Structures are given as C-alpha cells and as structure tokens.
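Letters A, B, C, D and E mark the chains as written, and numbering starts fresh at 1 in each.
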Amino acid sequence: MAEIASPRTDAPVRRPLAPMRPTARLDFATLGGVLGAFALIGTAIVIGGSPGAFVDLPAMLIVLGGTATVTAISYSLGEMLRSSGIVLRTLLYHREDASQTALNMIALADRARQRGSLDLQNVLQQLRHDRFLTKAVQLVVDGTPGDEIERVLGREVEATLQRHQRSAGILRRAGEVAPAMGLIGTLVGLVQMLGNLQDPSAIGPAMAVALLTTFYGAILANMVFLPLANKLDRNSGMEAQVKHLVSLGAASIGRQENPRRLETLLNTILAPGDRVRYFD
Amino acid sequence: MAEIASPRTDAPVRRPLAPMRPTARLDFATLGGVLGAFALIGTAIVIGGSPGAFVDLPAMLIVLGGTATVTAISYSLGEMLRSSGIVLRTLLYHREDASQTALNMIALADRARQRGSLDLQNVLQQLRHDRFLTKAVQLVVDGTPGDEIERVLGREVEATLQRHQRSAGILRRAGEVAPAMGLIGTLVGLVQMLGNLQDPSAIGPAMAVALLTTFYGAILANMVFLPLANKLDRNSGMEAQVKHLVSLGAASIGRQENPRRLETLLNTILAPGDRVRYFD
Amino acid sequence: MAEIASPRTDAPVRRPLAPMRPTARLDFATLGGVLGAFALIGTAIVIGGSPGAFVDLPAMLIVLGGTATVTAISYSLGEMLRSSGIVLRTLLYHREDASQTALNMIALADRARQRGSLDLQNVLQQLRHDRFLTKAVQLVVDGTPGDEIERVLGREVEATLQRHQRSAGILRRAGEVAPAMGLIGTLVGLVQMLGNLQDPSAIGPAMAVALLTTFYGAILANMVFLPLANKLDRNSGMEAQVKHLVSLGAASIGRQENPRRLETLLNTILAPGDRVRYFD
Amino acid sequence: MAEIASPRTDAPVRRPLAPMRPTARLDFATLGGVLGAFALIGTAIVIGGSPGAFVDLPAMLIVLGGTATVTAISYSLGEMLRSSGIVLRTLLYHREDASQTALNMIALADRARQRGSLDLQNVLQQLRHDRFLTKAVQLVVDGTPGDEIERVLGREVEATLQRHQRSAGILRRAGEVAPAMGLIGTLVGLVQMLGNLQDPSAIGPAMAVALLTTFYGAILANMVFLPLANKLDRNSGMEAQVKHLVSLGAASIGRQENPRRLETLLNTILAPGDRVRYFD
Amino acid sequence: MAEIASPRTDAPVRRPLAPMRPTARLDFATLGGVLGAFALIGTAIVIGGSPGAFVDLPAMLIVLGGTATVTAISYSLGEMLRSSGIVLRTLLYHREDASQTALNMIALADRARQRGSLDLQNVLQQLRHDRFLTKAVQLVVDGTPGDEIERVLGREVEATLQRHQRSAGILRRAGEVAPAMGLIGTLVGLVQMLGNLQDPSAIGPAMAVALLTTFYGAILANMVFLPLANKLDRNSGMEAQVKHLVSLGAASIGRQENPRRLETLLNTILAPGDRVRYFD
C-alpha cells in the first residue's frame, strides 16, 4: 500500500493496481474467541472437580436436537445448510480493505481520465477475482451512464445485504430457540424429580441433571449462535461499505468527473485512519 | 430447468414456458421439525420413567383453553379460522421457484419482443394456475404503461404481505399468551399447594403439577406458535420476492425494453446460486 | 350483499346503495374471550378445592389501586375515562364491512358518472349515519379536486389512528404496570414473612398470600389489558382500511375516472375473499 | 370558550382573543398518582404489621445512590439538573388547550383577512406570554411566505421535541438502572447471608434485608421514573400538537387563505370532541 | 463568551473569534459516576462484614475472560482496541459548546459578508485545531455552492455518527454478554454443588461462590458497559449537533445569505438556554 499512497514520483498511469485476489486469511478473532470462551468454561469445570457431571447425553440431545428441529420448522433444510456455509466462510474471513479499494478506484478513475473509459477493458482480466468490481468496471466500459451504474450496483448491494441478514436471522433464531429448549428440558427434569421425592439424597443430582439443559442452552446461544450472528452482521456491513466505495467510484468514472473529486468524496466516507492520498 | 438454462440451440420463441401449475409439495422441514421436536421431548420423558406425570387434563385445559380464549379477545373467530387455514397451507408449501419465474418472465419478454405484446394473449390460458402472473400478463396485453403496471402489481404485493403479517401476528400473539397462561396456572397451583402444607409428602407432586402448565405453555409457544409464525413470515417474504420478479418483468415488457436488459436486471436481484442465463 | 354483487340484471343507477346505518352488533369474540378465560381459571381454582384462598382484599387493593394510580401519573383522568369509553365501544364493535364499502363507493362513482357529481347531493341524507362517508361525498359535491380530497381525508384518517393508538397506549401501559405492582406486592409479603420465621407452619400461607398479588397482576395484564389493547389496534387498523377505501373512491369520483377503474383499484387492496364485482 | 364558539352575533373582528397567559394549574393526576401509589403500598406495609422492617438505610443508599451515580455516568450533572427542572414543571402542568388555540388562530386569520396582516402587530403585546405564538405572528407580520413560516416553526417544534425526549430518556435510563442496582444489592446480601449459614434463625431476616434493595428498585422504577418519563412524552406530544396548530394557522395567514378553509383544516386534525366552530 | 455576546460596541469585523482549541477537560460526571457507584457497592460489602467473600479469582476469570472472548467473536481485535480508545477519550470529554460554535459561525458569516468569502482564508490558520470547521471554511473559500457544502459536510457527519454507533455497539454487546457469562458461571457452580450434597454445611458457601459470577456480570454490565455505551451515544449526538451548526453556517455563507438570517436559523435549533445574540 505504501508505494500507492505516495505516488507523486511516478506518472499516475503506470502506478500498479493493487493485487485484487481475495486473500482468505483465517479470522483469528472469531475462531479464537469461540475456542477461548469454551476453554475458560472448561477450565472452571475441571477446577471444580467433577467434569463428568457436565456431560449428559439425553440433555445434549434435547438441546442440540431440539434447537435443530425447531429452527428447521421456520426454514428449509437447504437454507440452513447454505447458512452453515456462510458461517464457515465467516471463520475464514477475507478482509475487505476499504483503503485499498478506495485507492484502486481512484487509480482506475485516473487511468480512465487519461486513456479513456474503454481502456479499462485491459484491466478487467486483472480484476477477475473480484466479481463485484469486474461488474462495475464492465458497466463503465459498456458506457452505462453514471446514475444507472449507481442504481444497478446499489440494487445488487441491497440484495446481498438482505441475503446475509437472512442467514444472520437463522443464527439469531437458533440463539432464541436454544435457551427455550434448555428451559423445557429443565422443566421435564424438575417434574420428574418432584414426582419422586421419596429419596431425599437423590434430589441434588436430579436437580443438577435438570439444570444441565439450561446450561447447554445458555452456552449454545451466548457463546456460539448470537456472537456468530453479530459477526455476520458486522462483516456484511463492512462488505457493503467496500462495495459502496466501488459503486461510487464506478459512477464517478461513468460521469467522467475529475479523479481528485472522487478522492475527496471517498475520503468523506472513510474512517479518519483509513483515509487515502493518491494525488499529492 | 436445464433445457431452459441452455437455450442457445433452439430459436428463442419456440422455447417452452415452464409448467406454471402450482406444485403443492409437502414441506417436510416444517412438518418434520414439529414432529421431530415433539418426539425428542417425548423420548426424554419416557426415558425419565414416568410419562404419566406429564399428562394432566386440567393443566392442559388452562393452557390450551386460556390461549385460545385470550387470543380470541384480540381477534374475531373468523380471523382465527382463516389464519389456521393459512398455517395449514404453510405445511403444504407450494415452492415458488425464483429462477424458474425469472426465466419465464424473460421468455415472455422475448416472445413479446418478437411477436408483439398482444401475442401474449395466447399464453394466458397456459398461465391460468398462477393468478398473479395472469393478472400481470393481462395488464401487458391491455397495453397498460410500464410504470402503471409496476404500481398496480406493487400495491397488490403490499396488500398480500400485510394480510400474511396479520396471520403471523395472530400466531405470534398466541406464542406470547401461552407462556403467560402457563405462569398463571403455575401460580394457581403454587397458591393451592402453599395453603395446604400439612402433609410434606404431598409438596413434591403438587409442585410437579403446578409446573406442568408452565411446561405446556413453553412447549406450545416455542415448538408450535413462534416457529410457525416465523415460517409464515419467511414464506411470505419469498412469495413477495417472486411476485416482485413478475412485476419487474411485466413492467419491462410494458416499456418494450430489450429482454437482455431484463435478464441483467433480474439477475441483480436473484441470489448468486439462483441466477439465470436465457440468452447465451 | 348478494343482489349487489350480481347487478347485471338491473340498470346500474337504480341499484340501491346498501344501508349505511352503523349496525352495532355485540362483538362476541371479545366479550366471550374475556369471560371464557376467567371461567377457565375460576374452574381450575374451584377444582383445586380452596377458592377462598384466592380472594384477598389488601392484595387486590395493591394491584388494582396501584395500577390505577400509577397509570394515572402518566395521563390525565380525562384521558383515562375517554379511553374506558373507547374500550367499551370496542365490546359493542360495529363491524365495518370492507366489501360493502367498496361496492357502495363503486355505486356512487357509477351514479356520479351517469348523472354528474352534483347529483350525489341527493344521497347525502341517506349517508348521514356515516360521518366520514358524508364528509367524503360532501367534498366531491363541492367540486374539490381529487388529490385534495385524498389529502384531506388521509389527514383525518391519520389523526384518528393517532387517537386510537393513544388509547391503546394507555391500556398497554396499564398492562405493564399491573405485573410490576404484583411484584412489588409480593416483595412486601416476602419481606414481612421472612422477618417472622418463628412459626414455620405460617410460612406456607404467608407465601401463598404474597404470591396473590403476582397472580392478580398476571391475570389483569394478560387476560384484560394487553388483549384489549391488541383488539383496539386491530379494530383501528380495519377502520382505517375501510376509510382508505372511501378516500380512494371519493378521490376517483373527484378525478372523474371510469368506475370500472375504481373497481380494479379497490379489488387490488381488498383481501381475495372480500373482492367485489359490481360490473359484470 | 362558549362565547367564542357561538360568534355569529358579533362582528368577527371585535371577537376577543382568548387570554393567552400560561395558566399554570397543578396537575393533580401526576402528583396524586405518585402520592396515591405510595400511600397504597405504605398502607399494605403498615397493615402487615412491621413497617420498621422496610426501612434500611444501607439498602436505600445502594439503590438511590447507585441509581444517581450510574445515571450520572451517561449524562452530565447539568443535564440531570435541567431534567429535574423539566420534571418539576411537569407536575405544575400548564394545560395547552387545543380547541382554544385553534379558535385563536382562526380569529387571528379572520382579523388579518379584514384588516391586513400588518394589523396583527397590534395584538403582539397581548400574546407576549406565549413565546411560540408571538414568534409565529411576528413571522406573519414580517411578511414571511407561508411555506417558509411552516418550515421555520416546524424546525423549532422538532428541536423542542428532541430536547424533551432527551429529558424523558434520562428518566427512562434511571428507571432501568434502579432495578439493576436493586438486583446488585440483593446479590450482595445473598452472598453475605450464604457465607454465614451457621445460625439458621438469622437466615429469614437476612433474606428480608437482601430483598429490600430489589423492593426499593422496583418502587423507584415503576412508581416514579417510568411513569414520569411517560408523562413527559405525553405532555411533549400534546405541546407539539398545539404548536402544530399555531404553525398551520400562521402559514395559512401568510398564504392569505380564506379563514374558513383554515377552520376546516384545523378541525381535520383536532379530536372530534375538540372541534371548533368559529364561523356559523 | 460575554464580550462576543454583547458585540454592539465594536465594529463586527474586529470582533475576535473565540479560541477554537479543543479544551480537553476531564469529564467528572463519567469518571466520578463509575468510581462513586463502585465505592457505594464496596462500602455496602465492607459494612456487611466479609469483603473477602466477594473476591473469587476463578469467578472473575469466567466473567471478565468470557465477556472479552465472546465479544471478540463478533468483532476484530483492532476494532475492540479502537473502541477502548474512544471510550477513554469519552472520559476526557472535550465539551463542544453549541452557543460558542453558533456565535463563531455568525461571526464568520459577518466577516465574509463584509470582506468577501475569500478573506476567510486568513482565519484558517486560527481554526486549525478544529478539523471539521477548517474543512467547512475551506469549502467556502473554494467557492463551493451552498447546497454542495451541506451535502459534503452532512455525509461526513453521517459517517462519523456511524463509526461512533459501532463503538457504542461493541460496549452494548459486552453489556449483554457479561450477565450471560455470569449466568453460565452460576449454572456451573450450581451443578457442581448439587452433585455433592453430602455435606449440608458446604451448601451455603458453594451457593455464595456460584452467585458471584452473576454478581460480577451484573456489576460489569450495569455499572460499566451500558452506562459508557449511553455516554458515547449522547456525546456523539451532541457532537453531531455542533457539526450541524457548522454545516448550516458554512452553507449559509456559501449561499451569501444575510448573517442575521443565519442567526435566526441557528437559534431555531439551539436549546432556549443556549440561544445567542450576535447582532443587537
């Protein structure tokens, strides 16, 4: 990024576009967060001395199976599988770099300004890894008017956002169902225990087992489903912001505006720490 | 769908429209989800050893009857029956295929382009099973301007959405009432038990019975009403999306736009996996 | 309605307008729901054997009096009385028939088309029981332009909706206050009981009495206030829909549009089961 | 009000404007509601026999002090004092009479119609107690166009609403903090009690003291903060409605519309019981 | 401020602009509120007699570590660090003075009126500490049209607001996670205790330890995370209001409107106590 951020020494056109390949880096925060939280609870259980008391297959079946079946009522199996795929991809989060995208769009605008919009056809091959950017540049090359470019790309961003929200919605729904199934399991255990109070010494362990479903439900909802749903929302918002930068850039090229104006515009949207300087 | 998705070999006009009959397939996810969840809880109860302790007619009466009567306060009986009908239809979910609808609209646009809008009159008979599509094509045949088509159909989609939301609202309301009636029943049981503490051995079973209404309320709300309400919302959203595709297609034909442009437009809205290629 | 729905045989103008008198029919769903729910709980209490344990005057005073006084803090006495009046009227619910209203508006439009807008002056007397319809027809007779009619009537519908929402808001507020007062009463009872643990045999009955305020609060909120608030919202929504039909009809007459077009427009908004056919 | 509502006998111009002085009447509903609710709970406590058990200084300190300090984190001291002032003014609620305001605006419009807008300068002195009305009339006298008047006054109403919402927000926040501090206090008490279970006879009183903070928190939130926040919202809404009437009236005068038209317009917004007749 | 508020005696142009340096004053309300609340709870614990019972390292680890790891799932480490920075800056809150900003904008407008917009270039140096104001004045000096100034600055305010909301969202999320981790910790403790009921004398202390995680979670959420999130929202809203004043002022200068008109406009938005008089 450094060589792009200080471009004064080169002629603008020769400035290389940053590599556009999706760099699928492992997102340590998500994976580490889930593992770390489980490790913490596990340690507390082991220190407490009776880890075996926390493993109960019927209780797990009620909470895990119940959450799966009840969530399936509201969606189709296909949707749930697709959502799992999106969640996995979230773990392998491809970092969308807003600064780099902004620089790239200004570089493209600069090139179009100097060699004409049609010349952008030559960089299309280089951008092929980024489907959205390719589409944006293709629209520019086709001579689509700026407003139309903004409308078409905006509609696509909107549709993508809605799909992601639906996936996050499934996770969020599972995060509501899990504690409810935990409560139902605990009620089952309580009713069974209260019906057989003859042996007082059995009350404690029976209560402990009854509480396990509530425990599993709380773990599943608060340490898996809800945080992942939030992560999905956040990633989706960041992806939308980056696509918005692409959309504004392509529209600006389509309107044949001055690239310096585009730089000002993009910097208005970028966070202070992400702002870019392409022109000196 | 395959032969439509690779249409290059045929002349576009002869390409057959996909069958438009509503294919009422059983929605296994919904039915299976409800049954599976109940089977899970049932198994847990049977394993626990005293299934009889979970059947209590007065408790069922309080929760089921109370939920029915209290929900009836806020609606009319007619509405509740109509809502039940919509819920049943949800179980027999007629899958709206977005891809197929998009291909059909492009095929219609292509036909109108080559033979004129009036020729669409000849396919109306073929579309008669799909009331909304028939109305859309009829508007095109009548020579209604594109913007007017979009407005009329949009208003109908909006009104349908509102009706579905009202049905989902009844279910959601029942899902709020059921746990409340469960709590009220448990309070009745607790007050009765606490007033007669002479026989300590009776406390356990009395508590168990008191908890049963809470248990029934939690089951009803979390495993029936709320998941079905969510399902209704989801189906309604998907139906609206498909109708939106029809509406955009009809408006495009009404405006006599190029069918290739319609293809681009519809693909912008479709999920990546649902995108279609009618023209090569 | 049947004779209006199959009008082909008569000349349109002679077709009689449906009677516009408000038919104040008792709304059995609301009244029956409240009574039914109370009967259910009452039966459960009587079967349990000690109905006297559920009557405690101080507890009633705390919950009923507390709900009344605390709700009064947020509103004025006048508002609360007016809201009670609206609730009572809800029990005597005057069913607004959307189909009939739509047919009436088309009949008026047809008449205006054939004899001129001014002729509608002759039906004003017949419509005098329906204040809103009278105002709409008066605006047409006065020669108000269609857009202006829509704006004036729309503003009135909006203001009515807001007034109803305020009444529903009072009920909803009371539905929040009642359980809170129940909790406060139970806390008072618990603190008193816990301070005097000398006589263990008194614990049970004291707990029972302490729980009664929670019980009353749950009953009041879940079986009276919240369902009635929902009913008010629903009635208000249906009234607004009927007024919207009147407004669209009057505006259509004011614009001198074809009554057949009005029929199409109104059917777009009506539920499928409510759609009307005035012209063959 | 009666003599203004039947003005036919006088010449319109001589009709006196209603007195515009803010009539700061004590709002008995608010003050009476708070006192009544406290009296009810107090009576229940005294009847229960041990009022001393409900007074615990450390518990009061935790809840009152905790609510004050935690609420202070989110705001500045200045804001909290200003909010207290607004709350006190709410108790001395100056009733804004929508009917009277509407009649006044029509009277002003009538006067402007007959003697010209500039003549309104002569009533400015009479209106000096109502800052908003004075500003509205001043704008008319200055010859500001109607749309501009509506925009300027609308912006001011909006800004006032936002300020009131911020004050209501502080109260609502305090209403969330109080029960949380009550819970924290109870947890402190429980942990202390559970650590010293040697003397079983001390358990009851210790539990009673531990519950007191929950009790105080529930009282503060449900009987003071939340009802007052709602009252503030309601008063703010009513003030905004009255200011909206003034704004519409001033704009109508600025547009030199017929005062009868203004009467129709204002009656559209007023509740049925508040509608006015200035002209016969 | 006094000398600016009574400017009649000087010629307007010589009136000095108020110092624009950010005056980073310690925000005692926030810091004092947090410390005060902790001091209150600490005092209650010490008075209760066994402060040692409230310190439990494993419990702290579960709640603090769990909240950190689970919150990290939904965000990246970078974001969480950046958010911590913003929270710290909140403690060192730089008071944005709406009145002073309004006076400054009117002074700038007055100067531009008398010496021309280009002359504002000379004050740019003086404003350099306020990045937003500098940008606004620069836009005016560049001759940007008023509407464009409003759009550009409005977009920047919007983007800043969104960034702040994201930071507040992290805090709010942590405020949801903390009590959930507290509940999970308590469930772990309860299950362990119930499994070993042999020694009744150990029940009390084990319960006490189990409750500690709930206690820590409640403290963290209600006394740290949620109040700070609210504070951030409030500061962000006030900063946006001040920036809105700057934006309106710059646009007004760009449109070459009369500064007196700007004074009227800004006073419409300012709270009554903050209104300014620049011209007599």
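General observations
Basically, a residue touches a chain if its C-beta (ideal position, glycine included) is under 8 Å from a C-beta of that chain, and two chains touch if they have at least 3 such contacts.
All of these numbers come straight from a predicted model, not from anything done at the bench.
Within the contact network of the assembly, the step distance from chain C to chain D comes to 1. Here chain A and chain B face each other with different sets of residues for the most part; under half of the interface numbers are shared between them.
Copies chain A and chain E of the same sequence differ by a rotation of 70 degrees once their CA atoms are superposed, given in steps of 5. Centroids built from CA atoms put chain C at 44 Å from chain A. Inter-chain spacing, taken between the CA centroids of chain B and chain C, is 27 Å.
Shared contact sites, meaning residues of chain D that touch two or more other chains, are absent. Because contacts link each chain to exactly two others and close back on themselves, their graph is best described as a ring. The residues of chain D lying in touch with chain C in their complex are 27-30, 32-34, 36-37, 40-41, 43-45, 47-50, 53-54, 201, 203-205, 207-208, 211-212, 214-215, 218-219, 221-223, 227-228, 230-231, 234, 264, 268-271, 273. Taken in their complex, chain A has these residues touching chain B: 58, 61-62, 65-66, 69-77, 82, 152, 155-156, 159, 163, 173, 177, 180-181, 183-185, 187-192, 194-197.
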